[in-house]
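One chain, subunit A, links the two complexes that follow: it is found with subunit B in the first and with subunit C in the second.
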Partner chain A sequence: MNRITDFQEGDSLPPIQLAPVTRLDLIKYAGASGDFNPIHTIDAEAEGAGLPGIIAHGMWTMGNLAKIFTPYLEEGFIQDYAIRFKGMVFLEDVITLKATVVEKKQRQVIFQVQAVNQSDKDVLKGDLVFLL
Partner chain B sequence: MLKESIGKRSEKVKNTIERGAVRKFAEAIGDPAPIYIDEQAGAASRYKRNIAPPTFPVTFDAGKIDGLDLPSKGLIHGEQIYHYERPLFIGEDVYCWMEVKDYYEKSGNFGEMGFLVVIKKGESADGELLFTEERIVIINEAARKGMTV
Partner chain C sequence: MVFDYAPFLIEAGKIKEFAKALQLENPIYRDEETAKSAGYRGIPVPPTFMTVIDFWNDRNFYQFFADFLKLNPNHVLHGEQSYEYHKVILAGDTIAAQVRVKEQFHKKGKNFFLLETIYRNQWNEITAVGRATIIEIAEVD
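Presenting the complex of A and B:
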């Protein structure tokens, strides 16, 4: 496996494609995170809020996205992780997680990170600093 | 009234990072890596112990800000930003509090939207700052009107 320091500006870490989103994924996240907002788990509540169906917690997707960096935690840790939520994630959506090096400094590798759905639309996007 | 909450903060609350809670959280985000959940792997790591995933602070109780009662509907999570001094360790106590950093309104396609910026901070038992979490919540006009009634 590559080390994070082997990646150069413009290089991408190996992307990760998630399995289609299930209701159980979101029920588990609700329990583990303590976010029981019912628009994430109960159809009627989501519809009552004007949504076509339940949507994933933004933090579920943001939590998933960070795992692109988990294999490199022996080299350092995530110092900064800033995300803008750009689009909703629905059941059955297939999310792909991506990270590309935008800048390398002495002790920091700066990435652009994003999660896209099956239509290649950004659902979240941001920047991450990995501190060596 | 949201503007008046700028600068208000909560009292510190002690949170203990529990092994089982981290395991459940790591599984829920599809990242049950040994560095988070395996005791031996943690001991052999550069941190000499298990650490928590970077978004784990969403589970921390950071108290309540007086007078800040957000509606349960009409909120959109706009942004989330973490800054870490070091990873969080399983078993450690983290003292958390929140503060309203800013509130402003902007008009957009869906009317006048409110942007509330709330920061959550966590300190070690020695008072050393460990992390900052910033959350931007967008509140639509209908939800804000509901708050003033």
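Presenting the complex of A and C:
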């Protein structure tokens, strides 16, 4: 397996494509996180809030994006993780997680991180600093 | 003005449940031996686990919104989120967090709240700092 230190500026970590989002994914996440805002699980509540259907918790996507780094946890730690939510994630969406090295310092590797949907539209974008 | 969340014990089972919900497959999140051989003193929490602390402690995010911000937590959107990590949170730690409104403003007809949450462990060390941008959305009748 590759190590974080092997990646150079401009290189990307292997992207991860998630299975289509299911209601059960969001129900499990609601229970695990304690975020029971019903727009994430109940159609009528989402529609009442003016949405076409239930949407994933933003933190579900942010939590998933961390997955791209979990194979490297023996090598170091995440020091900083900052994102902006750019678009909504609906049921059946296929989300791809990406991370690209934008800067490499002696002990820090700075990544641009991104989650995109099946139309290649950003749903989340930000930066992550990995401390070696 | 600061709102104190109730101290929250980090249970190994909760870490496992959260990692499983996000399908984080690394056994580091469920097996102490794996975590130790990876250099951790115990089972660490996944990077966004602080959200569990916010929502599951006994004086939580819902009370902060209803009693302190006077906002319906179901009528907000999450615009931005960042975490600064100082010390790894491990199973067995007790985390006491404090949240404050750093800034509040009105833009394009919407109310914005910039929140900062500081997470401290049982030795009063800062383990993480979370920053969130919350946007109030109007109720649809």
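Convention: the second predicted complex is superposed on the first by the 132 of 132 C-alpha atoms of A that agree within 3 Å, B and C clash if a C-alpha of one lies under 4 Å from a C-alpha of the other, contacts with A are read in each partner's own complex, and residues count from 1 in each chain.
The working rule: a contact is a pair of C-beta atoms (placed from the backbone, for glycine too) under 8 Å apart; a residue touches a chain by one contact, two chains touch by 3 or more.
All of these numbers come straight from a predicted model, not from anything done at the bench.
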Item to check | Touching partner for A:Met59 - first (subunit B), second (subunit C), both, neither | outcome: both
Item to check | First, second, both or neither for A:Gly31, with subunit B first and subunit C second | outcome: both
Next on the checklist: Going by the contact definition given at the top, which residues of subunit A touch subunit B in one complex and subunit C in the other?
Outcome noted: 25, 28-29, 31-35, 37, 49, 58-60, 62-64, 66-67, 70-71, 73-74, 77-85
Item to check | subunit A-touching residues of subunit B, taken from the complex the two chains share | outcome: 21, 24-25, 27-31, 33, 35, 45-46, 51, 53-55, 58-59, 72-73, 76-84, 86-87
Item to check | Sites on subunit A touched by subunit C in the complex | outcome: 25, 28-29, 31-35, 37-39, 45, 48-50, 58-60, 62-64, 66-67, 69-71, 73-74, 77-85, 126
Next on the checklist: Which residues of subunit A touch subunit B once you look at their complex with the stated criterion?
Outcome noted: 18, 25, 28-29, 31-35, 37, 49, 58-60, 62-64, 66-67, 70-71, 73-74, 77-85
Checklist entry - Which residues of subunit C touch subunit A in the complex? => result 14, 17-18, 20-26, 28, 38-39, 44, 46-48, 51-52, 54-56, 60, 73-75, 77-85, 88, 131, 137, 140
